[in-house]
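Two complexes are shown next, each including subunit A; its partner changes from subunit B in the first to subunit C in the second.
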Partner chain A sequence: MKLVALASALLCGTILLFGTAEFPDFGDPDSPAASHVSPRYIEEAMAETSAPNIVTAVLADYRGFDTLFETAVVFSAAMACFFLLRIFGEDERRPSEKLYRHLPTGITLRIDPGGKVPDSPEFERIDGIWIPHDVIVKTTTRLIIPFIQLFGLYVIAHGHHSPGGGFQGGVILGASVILYAISQNLRQALGRMGEAVSAVFCAAGVFIYAGAGALCLLMGANFLDYSGLAPLFGVDAIQARSLGILVVEIGVGLAVMSAMVWIYYNLASMGRHQEGL
Partner chain B sequence: MSGQLDMIILLFVIISGIGAITVRDLLGAAILFGAYSFLMCLLWAIMGAVDVAFTEASVGAGVSTVLFVAAVFRTTRRTKD
Partner chain C sequence: MINLIAAMFILLGLVFFTGGAVGIIRMPDFYSRLHPAGKLDTMGLLMSMIGIALYSVQGFSLGEVLTGLKIILIVVFVFITSPTATHAIVDAGVRAGLEPWTQQRRGEES
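Let's look at the complex of A and B:
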């Protein structure tokens, strides 16, 4: 069986290698990809959308449909993780005692159900005995997370002027929340950005994107033709396309950020949301 | 110069790609896959596709490695095959 698989893989590989010989050279100006739509995008994108980053103009304006459904794919991936992994209720196999660590001495207290919970800032609730008490990691991440989030917002907002956009910025924002969940613990992260918030943000991101397109329809333009939004923004049609790109990038960023965080919550805690990494 | 750099990075891409599917330790495979994503990001940056490189760096090398590590942590570190 393995020999058959190896033979078929080698055969397909050889055919593909022969196929690449027919490809145009790297950067060939006469290649089909570079001679039909690309020149138009390169020459007209700035004049038509006033977005200096052509990639973003193509992604969010000319090919807006693709990006809309990419966002929907990210949303469905998060939904699939939720439906496959999420388990509601307490885990019977795990003991329901609570663990508290006395910070100055590092002693861990186990409190049985019904016991008195220590009420002092010197005690910190922890998920498991194996979790180390690391002041350096916690303080460093607490210091850099605001800057990561600021950079993520810049990447989303500046996506049509420099490399970046909704996907990248959303992933950076989501990574900052995941970093918080890893360095502190899952419970604190859930307190900052709960499951319901993630779910609503994820759907809201897709809704903002599709809603911007539907708003264009209502204003009398084609679906996702942002020049129709010009009266709402109070600018001319070309500037409106740039602003429309920003609106859908915000939607993409929101959806991607909360999808990443939501997938992480379900994956890291096996769907229980009791104990993270 | 740029062509030689391309070749060196491509070599490392192939090494880390083969390593990621042959290593029996799944945590190591996840880290190698992260290295593969990072090298692909460098390759795209050299080719001038900065937006794609940015996406690869944030999604491929960043978040997906974390998700793989989380999945390995919650399942098993050894492959069955």
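Let's look at the complex of A and C:
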């Protein structure tokens, strides 16, 4: 069986290597892409999509299928991390002892499995790797996270005019949540943005993208041809393409943000979501 | 004239950056290396960003002043985050039990 797998892998690799010989040279000005496709994008992108940033126009409009499946790849990466790493229930080999810190005195109690958990606001549950003097880090992240998220939203919304877009803005938004999880602890971050929320948002991002394409079909245009959305938005076809790019970027941003957070939760806590970094 | 002042500021910033880079190599241990890495980079960034902000407000139109303010905003955020990052790294080093380097007397083995 291994031999068959090796043979098929080698065959496939050889065919691929053989195929690369047929490619035009890197940067060849006479290649089909450089002689027909690129000039068309450079000359017509602004007039056709009303997006001054050609990269965004190509990414989200002309090559919308490519980006749709890129988003699906991000989604499936998050799903793969979930299926590989996530463990539900208690760890039998290492029963989780719970640590509670009494805030007024600073005494830490260790509650063995099955023990009675103190139910009082004076007790705070802490991690095994608790950091005593993290007031500075906590305060700074508290100060900085809103600005990070604002910048992430700006990068998503301003992708038409400046470098940016859904992927970059989504990563910035996800980084802000991960920063929160690192600076506070994993349980608080899970309380703010739980696993179910990130899973649903991740799927919703892909759904918004694919749904925008399907809506174009319903309106009588091709899949992901946003000019068909013009009657819905109440604008002309070119403006509709610009707005369609924005809708798609929001979907991408949502999917990427929650995929980052979801992957982080699973990796940082080794799939148990109890104690993390 | 304003170009000249901007160039002076950027050069001054580069001096600080160079000092920081040399300090990271020359300093003897983890904690003292963080000193140039944290302080001189922040200072170099302040100087070079002031230079770039001055360069971008050539005509004192609204857009240019806004660009300059945005560049100064970078400095504000780095001034908040860079010391925090240095603090967090030093804290991690102390809690991991790394001993600070001390001057050893001549002929004395560690």
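The criterion applied here is as follows: the second predicted complex is superposed on the first by the 212 of 277 C-alpha atoms of A that agree within 3 Å, B and C clash if a C-alpha of one lies under 4 Å from a C-alpha of the other, contacts with A are read in each partner's own complex, and residues count from 1 in each chain.
By our rule, contacts are C-beta pairs under 8 Å (C-beta built on N, C-alpha and C of every residue); 3 or more make two chains touch, one makes a residue touch a chain.
Bear in mind that the values here come from a model prediction, so they are computed numbers and not experimental data.
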Note to self: Under the stated touch criterion, which partner chain does A:208 make contact with: subunit B (first), subunit C (second), both, or neither?
What the structure shows: neither
Notebook entry, point to check: Regarding the shared-chain residue A:240, is it in contact with subunit B (first), subunit C (second), both, or neither?
Noted result: neither
Next item on the list: Once the structures are superposed on A, label A:168 by its partner contacts, choosing first (subunit B), second (subunit C), both or neither.
Entry: first
Item checked: More subunit A residues in contact - subunit B or subunit C -> B
Margin query: After the superposition on A, what does A:55 contact: first (subunit B), second (subunit C), both or neither?
Written below: first
Margin query: I'd like to know which partner A:144 touches here: subunit B for first, subunit C for second, both or neither.
Written below: second
Notebook entry, point to check: Contact residues on subunit A for subunit C in the complex?
Noted result: 131, 133-134, 136-137, 140, 143-144, 147
Check: In the complex of these two chains, what residues of subunit B are touching subunit A?
Finding: 50-51, 53-55, 58-59, 62-63, 66-67, 69-71, 73-74
Item checked: List of subunit A residues in touch with subunit B within their complex -> 53, 55-56, 59, 155, 163-165, 167-168, 171-172, 174-175, 178, 182, 260, 263-264, 267-268, 270, 277
Checklist line | subunit C - residues contacting subunit A, complex | finding: 77, 80-81, 84, 87-88, 91, 95
